[in-house]
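Below: one structure, written as C-alpha cells.
Labels run A, B and C following the written order; every chain starts at residue 1.
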Amino acid sequence: MLKEQLENVRSQAPLVHNITNYVTVNDCANILLACGGSPIMADDPAEAADITSICGGLNINIGTLNQSTIPAMLAAGKKANQCGRPVLLDPVGAGASPLRTQTAGQLLDQVSFTAIRGNVSEIKALSLGSATTRGVDADLADAITEDNLDESIRFAQDFSARTGAVIAITGVIDLVCDRQQAFIIRNGHPMLSRITGSGCMLSAMMAAYLTANRDTPLAAAAAAVCAMGLCGEIAYSHLKEGEGSGTFRSRLIDAVYCLSGDELERGANYEVR
Amino acid sequence: MLKEQLENVRSQAPLVHNITNYVTVNDCANILLACGGSPIMADDPAEAADITSICGGLNINIGTLNQSTIPAMLAAGKKANQCGRPVLLDPVGAGASPLRTQTAGQLLDQVSFTAIRGNVSEIKALSLGSATTRGVDADLADAITEDNLDESIRFAQDFSARTGAVIAITGVIDLVCDRQQAFIIRNGHPMLSRITGSGCMLSAMMAAYLTANRDTPLAAAAAAVCAMGLCGEIAYSHLKEGEGSGTFRSRLIDAVYCLSGDELERGANYEVR
Amino acid sequence: MLKEQLENVRSQAPLVHNITNYVTVNDCANILLACGGSPIMADDPAEAADITSICGGLNINIGTLNQSTIPAMLAAGKKANQCGRPVLLDPVGAGASPLRTQTAGQLLDQVSFTAIRGNVSEIKALSLGSATTRGVDADLADAITEDNLDESIRFAQDFSARTGAVIAITGVIDLVCDRQQAFIIRNGHPMLSRITGSGCMLSAMMAAYLTANRDTPLAAAAAAVCAMGLCGEIAYSHLKEGEGSGTFRSRLIDAVYCLSGDELERGANYEVR
C-alpha cells in the first residue's frame, strides 16, 4: 500500500513551497529532489503567497523563524488553504521560547494544516500551549516507549481531532495518527539523530508525499515516515570503518534517491491500530 | 583555449562577493574554493558596497531575495560598476512571482552586468518582462533543443545586444552568447538537475572565471559552463551501485577541485557559431 | 590531558546556542552533533536571549551579520553573561567592512567573552580597531610563522589580558593563549582551507568544549583546536585518487564523529609555553 504513495511522488514530481530554517534548507531541497519532488524556497512576505499559488503543496518549518518570515508563513498558509493545497507544519523548537510557542499557536489558529510533524516535546508544546523543551531535540523523559504507547496514541488522536491534521510524532518509535487510525512505525536508526536535519528533511519529504497523494493523507504521511526510517537503516548499513555522520548524511540522501516502491513495501516496519 | 581561462582562476584566486540565496550558499562557497577562487558572502545593505569594493567580482543571485537583500544587491551592483568589476546576475525564479520579475528588472535597469546566467524560463522572463515559470526549474516546454537552436541563439544574442551582457542559458544544451558569437555546449549530465544548486554553483564559478579573465568574458563564461558540465559527467562516472544524489554532490565538488586545464580542454564539448 | 576535555563533551552533550552565518550553519550544526554536543540556532531579537537562557553555552559568529541579527547577538551575549555561561566570539571578516569591525567592537564592549577565535587578520582587526583584511581568509602577509612566533604570542597574550578571553588565532600554526600560558599547536592540513567553514566549525566545536569544561577554558579551547587539526589530517589521509574538497568535508565530519579521547591525546601536536 505504501508503494503507491511513493510512486505517485516519483510520477507527479510535486512542486513544494518551503518556508524553512536556514540550518537545514539545503538538505530539505536535496531530499525533495531525491524523493522525486521539486523544491522552491521563498520567504519574503511580498512573494510568499504568490509562490504558494503556483505550487502543489506547502511546508512550513519554524526552525529559524524571524520577524520577516513569520508573516510570510501566515500569508502562505492562508493562500494554500484558499487554493485547497496540502500544508504541513514542522513546529521546530516549539516550547523552547515564547516566540516559537506563540508563533506555532498563531499558525494553528489561522491555518488549517493537513499534517503536523515534530518530536514529542514539540507536539506536546503545541497541544498544551506550553512545555519544557530541551532545544530542538526531543526531551528524553518524554519519549514514546512501548510502555506509554496507548497513552501516546490517545494524545495524538485527540490532537488530530482538534486540529483536523494528521499528527506525526517521530522518535525511536514513530506515531502517525488521524482521529481514527494510528500507524506505529518501528523503522529508523539512532544515527538519524546524529545529523542535523533528519526531522526537517522528513517534513519536506512528507509535504511532497501529501501533495502527490491528496486523497490519502494518513497513508501518505506514514509512507514518508517509513521511507525516511528505512533509508536511515540502509544508509547506516553502507557505512564502513572510519565513516561517521558526514558520510551518513550523503548516504541517507542516496538511499532516498534510490528507494523503490517495492523496497519500501518490503522494508516498512509498522502496524496499524 | 578554455585551458587558460581555468588556469587564470587557479593562479589569481579571485575573491568573489556573493549575495545569494541561503539554500545553496554553502555549495557556492565550496565550489568557489574548489575551482581556485575565494568566496565572501555579505548581504546587509550597510556593508554590501564596502565588501564589493574589496573584491574582484560580484555574483548576484535572487534565489531567496528579501526586503533587506534587495537594496544590498542594488548597492553592491552599482559599486561594482563604479569600480569596473565584473558582475554576474543569476535571476533564480524570475517569472515565478512579481517580486522576482520586478527585482530582476530593477537590477537590469540600474546595474550593468557582465554576464547573466539562468535557465531558459528565467532568461525569457527577464527578457520579455514576464513568463510562466514552473518554480525554479526550467519549463520543459521551453527547453533549448536541436530544433529550436537557431531561434534560441537569435533570442540570446538579441538579449545580449540589449544588455551588453554575455547571456548564458543552461539546460540539456547550453548556450553562451554575446551579440556576435555563440558557444553551443553539450557537456553535462541529467544528474545535475537532481541536486539543488548546480545552477547557483555554476553562476558562482562563472563569476570567478569572469574575474580572472577580465578581457575575455565570453570565453570565460563558456569555460565555466563546459567545466561544470564536464565535472557533472566525471562525478556521475564515479558513482557506484547504491549511490545517488547525495554522493553525486560531493563528487561534483571533488571533480571541480581536481579538474586541470588540460582535462577541460580535452573534455569540453562545444561548437562556436 | 586533552583527553578529558573531549570526553567531557561526549558525556555532557552540551547544548550550544549558535547565532551564526547562513553560509556554514549546517556544517556547524553537524560538527556540534559529531563532537558530542547538541546545537540550537535562533537569531531573532525576540527570542535570542530566551534561547540562550536554556543553553549551556553560546557561539556568536558575525559571518553574515545583519540589522536583525546584530541586536540578537548583543542580547544573547548579555544574557549568557548574566547566566554565567561561556560565550565565544568568531569575528568573521572583522576588518573587511566598517560594519563588521564596529559590530565586533560593540560586542567586545558589551559582552564578556570566554574565548575569541579567528584568523590573524580578524584578531588584529579586533585588537587594533582596524586592519586590512582580504575577505574572510587570513591575510598571508600576516600569517603566524616560526619567525614571528614570540611576537605573535605576546600580541595574543596582551589581547587576552585586555579582554579576559582565551584568544585562539588559527592558521598554519595555531596559538591558543590566556594571559599566562600559550599553546602552540601544529596539527592541521592545508586542505582545511580549501573548504568553507573549517573556522566556523572549529568555533562551534570550541563552544561545546568550553561549555563541557567550564573550569579549564584554556585547555578546552586548545583541545578543540588540536581535535579539529587532527581530524583534518585524518580526513585527508582517507582521500583516494579523484577525491577532493567535497569528499574531504564529509570525511572531516566523520573524523570528528569517530575521534576518541585516546586518539586525541596521541595525535595532538602542541607545546605549552
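We adopt the following convention: a contact is a pair of C-beta atoms (placed from the backbone, for glycine too) under 8 Å apart; a residue touches a chain by one contact, two chains touch by 3 or more.
Computed from a predicted structure; not experimentally measured.
Comparing the residue numbers each copy contributes, chain B and chain C share less than half of them at their mutual interface. Chain C is reached from chain A by a rotation of 120°, derived from superposing Cα atoms (nearest 5).
As a whole-number value, the distance joining the C-alpha centres of chain B and chain C reads 32 Å.
Among the residues of chain B, those in touch with two or more other chains are 22, 26, 68, 249-250. Of all residues in chain A, only 21-24, 26-27, 63-68, 93, 96-100, 133-137, 194-197, 242-247, 249-250 touch chain C in the complex they form.
The touching residues of chain A, when paired with chain B in their complex, are 15, 22, 25-26, 29-30, 33-34, 38-44, 46-47, 50-51, 54-55, 68, 238, 249-258.
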